[in-house]
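One structure below.
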Amino acid sequence: MKLIIAYIQPEKLGVVKKELDSRKVHRMSVTRAKGCGQQRGYVESYRGSKKEITLLSKIRLEIAVNDDFIDTTVEGIVNAAKTGNFGDGKIFVLPLDECIQIRTGETGPAAIGGISRYVPSSKDD
Amino acid sequence: MSAYLADRKLRRLVIALMTFAALIAVASAEMDKDTKVALDTLWVLVTAMLVFFMNLGFGMVETGFARMKNCVNILSKNFIVFAVASLGFLLLGWGLMFGDGNPYIGTQGVFFLTGADNSPAIREEYNGVYSAMSWTGVPLLAKFFFQLVFAGTAATIVSGAVAERIKYKSFILFSFAMIMLIYPVIGHWIWGGGWLATMGAFDFAGSTVVHSVGGWAALTGVIILGPRLGKYGMNGKINIIPGHNLALATLGTLVLWFGWFGFNPGSTMAADASAISHIIVTTNTAAAAAILGATLISWLVLGKPDLGMTLNGALAGLVAITAGCAFVSIGSSVLIGLIAGILVVLSVMFFDRIKVDDPVGALSVHLVNGVFGTLAVGIFAQDRITGVATGNGLLSGGGMGLLIAQLTAVASVAVYAFTASAIIWLAIKAVIGLRVSPQEEILGLDIGEHGMTAYPDLEIPT
Amino acid sequence: MSAYLADRKLRRLVIALMTFAALIAVASAEMDKDTKVALDTLWVLVTAMLVFFMNLGFGMVETGFARMKNCVNILSKNFIVFAVASLGFLLLGWGLMFGDGNPYIGTQGVFFLTGADNSPAIREEYNGVYSAMSWTGVPLLAKFFFQLVFAGTAATIVSGAVAERIKYKSFILFSFAMIMLIYPVIGHWIWGGGWLATMGAFDFAGSTVVHSVGGWAALTGVIILGPRLGKYGMNGKINIIPGHNLALATLGTLVLWFGWFGFNPGSTMAADASAISHIIVTTNTAAAAAILGATLISWLVLGKPDLGMTLNGALAGLVAITAGCAFVSIGSSVLIGLIAGILVVLSVMFFDRIKVDDPVGALSVHLVNGVFGTLAVGIFAQDRITGVATGNGLLSGGGMGLLIAQLTAVASVAVYAFTASAIIWLAIKAVIGLRVSPQEEILGLDIGEHGMTAYPDLEIPT
Amino acid sequence: MSAYLADRKLRRLVIALMTFAALIAVASAEMDKDTKVALDTLWVLVTAMLVFFMNLGFGMVETGFARMKNCVNILSKNFIVFAVASLGFLLLGWGLMFGDGNPYIGTQGVFFLTGADNSPAIREEYNGVYSAMSWTGVPLLAKFFFQLVFAGTAATIVSGAVAERIKYKSFILFSFAMIMLIYPVIGHWIWGGGWLATMGAFDFAGSTVVHSVGGWAALTGVIILGPRLGKYGMNGKINIIPGHNLALATLGTLVLWFGWFGFNPGSTMAADASAISHIIVTTNTAAAAAILGATLISWLVLGKPDLGMTLNGALAGLVAITAGCAFVSIGSSVLIGLIAGILVVLSVMFFDRIKVDDPVGALSVHLVNGVFGTLAVGIFAQDRITGVATGNGLLSGGGMGLLIAQLTAVASVAVYAFTASAIIWLAIKAVIGLRVSPQEEILGLDIGEHGMTAYPDLEIPT
Amino acid sequence: MKLIIAYIQPEKLGVVKKELDSRKVHRMSVTRAKGCGQQRGYVESYRGSKKEITLLSKIRLEIAVNDDFIDTTVEGIVNAAKTGNFGDGKIFVLPLDECIQIRTGETGPAAIGGISRYVPSSKDD
Amino acid sequence: MKLIIAYIQPEKLGVVKKELDSRKVHRMSVTRAKGCGQQRGYVESYRGSKKEITLLSKIRLEIAVNDDFIDTTVEGIVNAAKTGNFGDGKIFVLPLDECIQIRTGETGPAAIGGISRYVPSSKDD
C-alpha cells in the first residue's frame, strides 16, 4: 500500500479526476495548497509597494492505493496533468503501513479499494 | 361733481386694487413656480442618486457571479466605468443626445454642455438648444446629472457579459466610445426628439434606450470575445462555472431593485404625485411577479429553485416594466413581470445552448427583456393612464398601431446598436486586442491585469 | 344719477374684483394643496423606498448570522419574501387592513385595491372605502406602497429566527399566509381604525403592528421547529454556532439603521417639518443609547464587548423607539434606548437558557423590544409633543390610562398573533412538513434545498 | 349725498377688499413659507440620511483594507463610533460649535440643545442662541441631525488610520473626546460664526472642518501608535500588508460616493434648485476626474492599474471638491479632481516612505486632500457662482486675498487639531494605554479584544 | 512513531477530538479537505446547467503518535466517527522517521508526546 | 529521499521561507492548518455563550528533500521558526519512496531537486 501525494495545477483537477476514474481509481482526497518550485511567480503590487509572489495556487491530491494500482495512478496523473510547462507539479509516493475504513472497521488492502459503489456517469468531468 | 370725483377716485382705487391683486397673483404664481422647480429638482436629484446607486448593485451582482480570481478585475471595471461615463457624457454624449439638430442626431451645443439654455424655463418659455428636454422644469445641470446616471447604467451592463476574459484597457476604451457614439445616438432618436419619438414610439424609462442598447453592445462583445476557457466542452457539453459569491449577487440584486425606484418613478422628472405613485407600484409588482415566475419555472424545469434564476428573474421583471411602467395598469404589470420571469429562465438556457457565454445573464436580463418590455408597451398600454398620451396598446383595443411603432424602435435600435458596437469592438481588437492570454485567463485576470488578488488572506494568512 | 351710476359701476366693479380675488385665492389654495400633495407624496415614497431597502439590511444580518452552508437558503428566503408580500398584500392584505368594516377586520374593497377611493382627498373630502387612511393626503398607490413595505418587514423578521432548518417552500407558504391573514388583522385593529385604535392604544410606526407581530410568528415557528441540531448539548450545555460572516451582519445593521430613518419619520406620511425632525432624532438617539447599553452590559457580563450583542442592541433600540418616536422627548428616547440595549442582551441569554433557538436574535430584538417599546409609550409619552394627542404617559403625569391601553394592545396582539401563527405553522407541518431532514441539515440547506453553494471557489478553486 | 354715500360705501368696500386681499397675501405667504420650510427640511433630512449612510461606506472600505484577523475589531469601531458621536454631539458638541459665544467657542446653550431657539424662523426673525445656524429655515432638530452626521464622519476617519493595533476602549474614548473637544471648536471657527468665518475663509461642506480635522487626529494617532508589526523591514524595506477584501473596499467606496451626494449638495441646507444641481455635478465630476487621474498615474508609475489607488483616488477627488463644490465651475471641478487623484497616489507612497503606517490611506485622502481642497477654493473660486459671495480666487482674477484666508484656515486648524488630538491621545496612553500587546497584534485583535472571529466557517467548517 | 492521517465527516470533529482527549491524545493538526469515496455525491445546478459533485467536504486529521499510542488513537477515531453510513471516512497509518519539536529542539518519541501542559476542561466538546 | 512536514506559526512563514531559500531549499508546498498542542488556546464568546478554542492557526509546510538536504532543511526551519514559546511547532520526517516530476517524467532524487530556475531576489522575504 502506498500513499500518493500529487501537486497539480488547479485547472487540471477535472481532467486528472476523469483520467483516474477511467483507471478505476475512484477514491481520493483533495486540498488546496500553495506551491513554490520552478514555476515563475509574479509581482504583486499594493498601494504603491511591490512584492514578489512565489507561492502559487496548486491542488494537492492524496490517494491511498494498493500496490497494483501504484503505476496506473501515477501514470494517470502524469498523463492528465502534463503540459510541459514549469509548474506542472510533482508526485510523491510514500509507504503506507495500514489503512482502516471507519465505517466497517476493515483494515489493510481491502480497506483501501474495491469497486466503489458510486460509478461516475460519463456526463461529468 | 362729487359723483365724478367719486368716479375718478373709484377708478384710481380700482386700478390700484387691481394692480395690487395682480401683483399678489403674479408673486404667488412666481413663488408657486419656484416651489415647483424646487420640488421637481429635489425629486429628479434624489432619484438620480438612486440610479447612481445602481452602480453598487451592478458591481455586487457582477462580482458575485464572477470567479474569485477575476474579482479585482470586475470590480475595477464596474468602478471605473462610471467615471468614464461621467466625462464622456459631459464631453459629447449629452450634446449628441439632447442637442437640437436633425431626427438622427443632436448638432447644437454638443460639447461640454455649452449650448444656450434658460432652464428651468419650460415649453414656450424655454429658450435654448436642448429643447428636447424643455418639458421638465429643472435646472440644466439637474437634467444633465439625471441623464448621466442613465448613460452610466447602459455602459455598466456590458461589463458583466464580457467579464473574466476582456482586457481592462479594452473595456475602458469601449465604454468611452459607447457613451459618446452609441448610447446618445439612440437616445436622440427616442428621448431627444428624434425620428422614433416623432413616429410615436414610447420608452418611458429606458427598456430600449438603456437596457437593450447595453444588451446589444454586450452581445457583440460576447460574440467577438468568445466563451470563457472551459465553459463549453466537447459534444455540446455545457460546463458550470459558478460565481464565487452568491451572497453578493443576491444583495446586489436588492440594491438594483431599490435603485429602480429611482430609475422608473424618477423618469417623470417631476414630482407628479399620482404618476410616481403609480409607477413605483407597477415597477415593484412586475419585479415581484417576475421573481415568482422565474423561481417557479426553474423549480419545475430544473428540479430545484435556482437562486441565480430568481435573481435574474427580478432584474428581468424590472427591465421589462421599465418601458411601460407609466403606461400600463397594475394588473398588466403583474403579467409583464410574470412573462419576463419565465422568459429570462428560458433565455439563459438558450444562450448557453448556442454557446454565447454570458457569465452574469446580462443578455437575458437586459437585451431580451429590454426588447420584450418595449414591445409590451404596444400590447398593454392604456392611454393616459398616468397622463401621457400613448394611445392604447393591442389588448386595450388600440389595434396594432402602437405595437408597430414599438417594433420599429426595437428593430432600428437593434441594427444601429449591433452594428456600431461590433465596429467599435473590432476596431479595439485590431489595435490593442480584446482578450487576455489563455495563461492569464487561467491564472486569473486579477493577477494578470492588476497584480493583486481580492482576498489575500484566503490565500496564505498572515 | 351719476352717483347711482357710480354706485352701480362700483357694485359691478367690486363684484368683479371680489371674484377675481376669490379666484386667485382658490387657485392659490389649489396650488398649495397640490404642492402639499406632491411634497407629502415625495416624502412618503422616499421613506417607503428606505423601508424597502431594509430588506437588504435584513438579508445581510440574517445571512451573516447563519452558517456558510445555509447561505443560499437564507438569501433565497429573504429575497423571495418581499415578492410574496408584494402580491399577498395587493391581493388581500391591504383590503383586510384598511378597508372599512368592523372593529376587527376590513370588509370593503378587500381584493386588489378595488374599493372606491378619491385620494389624495383627505378627511371630510375623502370619499371611499379606505377611510382609515384618509388622514394622509397622498394618492392611494402611495399609501399602498408605503404600507406594503411595512408588511414586508413583518414577514422578513420570521426568516432569521427559523433559519438553518426550515424547508424553503414551507417558509414561502407561511409568509404568504402571514401577509394575508395575520399581519393585516392586527394592522386593522391599530392602524385600520379598529378596536385598539378606538380604545386609545398608540403605535406610531409599528413596534407592535410590525415588530412584535413578526416576533410572535417567529416564536411559534421556532418552538414548533425545535432547535438546530447540535445547538443544545447534554446537561443544559449551550453550544456556540457562530454566524459565518460578522462583516455582513455589522454592515447589514447599518443598513437597517439607515432604513429606520424611513420607517419612523416616514410614518408621519406627510412632510411635517417639525415632526419628522423630532422623530429622526429620537430614532437615532435611541439606537445610539442602545448600542452603548448593549456593548457595556455585554462587556461587563461576558468579559468582552460582543459585537453580535452590540448589533442586536442597535436593532433593539430602534424597535423599542418605533412605537413612541413621535410621542416622547429626546431625553426619553435615550432612556428607552438604554433599556432596550440592556434588555436585548439579557433576552438573548434567556432564550438560549430555555432552549429556544433563534440564530439571529430576532425574538429578543423584535418581540421583546416590540413589546417593551409599545409599553414605553404608556410610560414616557408626552401629549402632543409632535402634534398627536396621545395623552401623557405614566412618567409625564398621565396616570395609568395610556399604559393600560398599551398593555391591552400588547396582550391582545400576543393572543391573536401567537394563536394564528401557530395554527398556520402546524397546518403547513401537517401537509408538507416544516423541517428538512437531519442529513440535509448537516450537509447544509444550500445543497439540500437549492443544489448549490454560496461560495464555490472556497471549496475547490478553478 | 349719494356721492358722499357712494364715497363712504366705496371707502368701506375698498377697505374690506384690501383687507381681504392682504389676508390672502399673508396667508399665501405663510403657506409659501411653510412649504419652503417643509421642502428645505425634506432636503436637509434626506441628505443627512445619505451622510449617515457613509458610515456604511467607511465601514466597508476600512474593513476591506484591514486583515481578516482584525475584522471584528474594525467593524466594532466603525459601528460604535456613530453611537458615541451621537451622544457626544448632543451632550456638548453642538453647543460648543453653534452656540453664540466668542470667536473661538460657543458659550450659550452648550449642553443638550437646551438653548433658546425659534427655528425655523430665519435671519432677523430668528430668536435664540444658535444664531450661526439661523440662515437656514429648518427646525432645530433638523439642523442638529444634519450637523451630527458630519461630526460622525470626522470621527470615523480616524478609525481606519489607527486600525489593526489600537485598543478598542482607547479608540472609543478618543472618539468621544474628539467629538466634544476638537471637532466643535474648529467647527465654531468656520461654521459657527467664529474668527475664521469672519476673516473670510470658506469651507462649503467640510474639506477642512470634517476631513482635515479627522485627518490631523488620525495623523497624531498613527504617529503615537507607531506602525503595525512587520510593516517596515530593515533597510527601509516596505512590506505589503494587503487588505483582506478588495470587494468590500470597492463597494464601500461606491457607497461613499453616493453618500457624498448628501454631503455636498445637502450642505446648502435648503432645496435651492440651481445650487444643488450645480454642486451635485461638480462633486461627481471631481470624483470621476480623480479616479481617472489616480488610475492613470498608478498605471504609469507602478506598471499596473492598482485598484486600491483608484479607490483612494475617488475619495481624494470627493474630499478635495468638498470645500469648493459650490464655489467653482464644472471645468474647475475637473481640474481639482485630477490634481487630487494624482496627489493621493504620491501621498500614499510618501507616507509609506516616511514610515507613517496608515492601513487605509486615510491621511492621503482626508488630510492631504482636505488641505488641498481648502486651498483650491482660494485658487478656483468664482464669486457667486451658486449665489454665495466668496469673492474670486486666484485664477478667476481675485488675487491672493481668498487664498490667504484659506491658508490661514488650513494653518490654524492644523495647529489646533494636531495639538489637541496629540494631547488627548497621550492622555489616554498614559491612563489606559493605546496599543494592544504584540502577541495580541500577531494573533489578531478579533480574538484579543473581542474573543471572536469574523468568518468562523473559514476556520473549521461545521 | 507513526503519522496517522484520518478523514472524517466534518460534523464529527468535535466528538473525535473529545474522544482522543479522553485517551490522552491531545496533539493534532487539522485541515479541511474534499473527499471522494463510496459516499454518494449530489447534483449541483447553476443557471440551468447541472453537474454531479463527487468531492465532498471532509476533515483531515494528522496525528503523530508514539508506537504505544497507535491503537488507542485509531480506536478512538473509529469509535467517535463511525455512524455506519457511507462517507464515515478512512484512517491511514504512515511510518514516521523522526519528529523534532521546534521550541526545544528535542527529537524522537520525546518530541511527539508527553503530557501536554494544556488539559482541556470537561466543559468543551 | 524524505518528506518533511512542518507546522509553524503563521507569522513565521516569511522568515522560514527566506531561511530555506538561503539554504538552497527553494521548493515546497504550503497549506493552512489548525493545530492543537501545548500552546494555550483562548475563550471564544458569541452571543452570551462561551467556548474554549484549542485549535489554533498554523502553517503546514511539506518539503520533499534528497537525503543530503534533510539536516539543513530541518535546521533551517528550527532556526527561523523558534521563539522559545509554546506553539512554535513541530517537524515530522517521513520516508519517501519515490518522486515524479510531472513535466519531465523524471523520477527519484533528480526529480526532487536541482537548482531551481527561479532564484528569489534578495528583496522579498
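Brief remarks on what is shown
Here the chain labels run A, B, C, D, E and F in written order, and each chain numbers its own residues starting at 1.
Just so it is clear, contacts are C-beta pairs under 8 Å (C-beta built on N, C-alpha and C of every residue); 3 or more make two chains touch, one makes a residue touch a chain.
Predicted model, so just to flag it, every value in this text is computed and none were measured.
Judged by contacting C-beta pairs, the busier of the interfaces A-D and A-B is A-D.
Note that among the pairs B-E, A-B or C-E, B-E reproduces the A-D interface, with over half of its contact pairs the same by residue number.
If you average the Cα atoms of chain D and of chain F, the two centres end up 48 Å apart.
With centres taken as mean Cα positions, chain D sits 31 Å from chain C. Residues of chain F found to touch two or more other chains are 11, 30-32, 34, 44-46, 51, 55, 57, 94-95, 123. Counting partner chains per residue, chain C has residues 2-3, 6, 10, 17, 21, 24, 28, 32, 35, 39, 42, 46, 230, 242, 245, 303-304, 306, 308, 451-453, 458, 460-462 touching two or more of them.
Chain contact summary for the complex, chain F toward chain E: residues 2, 5-8, 31-41, 51-52, 54-55, 58, 60, 74, 77-78, 81-95.
Taken in their complex, chain F has these residues touching chain C: 44-51. Those residues of chain D lying in contact with chain B across their complex are 2-4, 6-7, 10, 14, 17-18, 21, 24-25, 28, 32, 35-36, 39, 42-43, 46, 50, 67-69, 230, 241-247, 250-251, 253-255, 257-258, 261, 265, 271-274, 276-278, 280-281, 284-285, 287-289, 291-292, 295, 303-308, 310-311, 314, 330-331, 334, 458. Within the complex formed with chain F, the chain E residues making contact are 3, 17, 26-31, 62, 64, 94-103, 105, 111-112, 116-118, 120-121, 123-124.
Those residues of chain C that touch chain F in the shared complex are 238-240, 242, 298, 301-304, 306, 308-309, 312, 345, 348-349, 352, 361.
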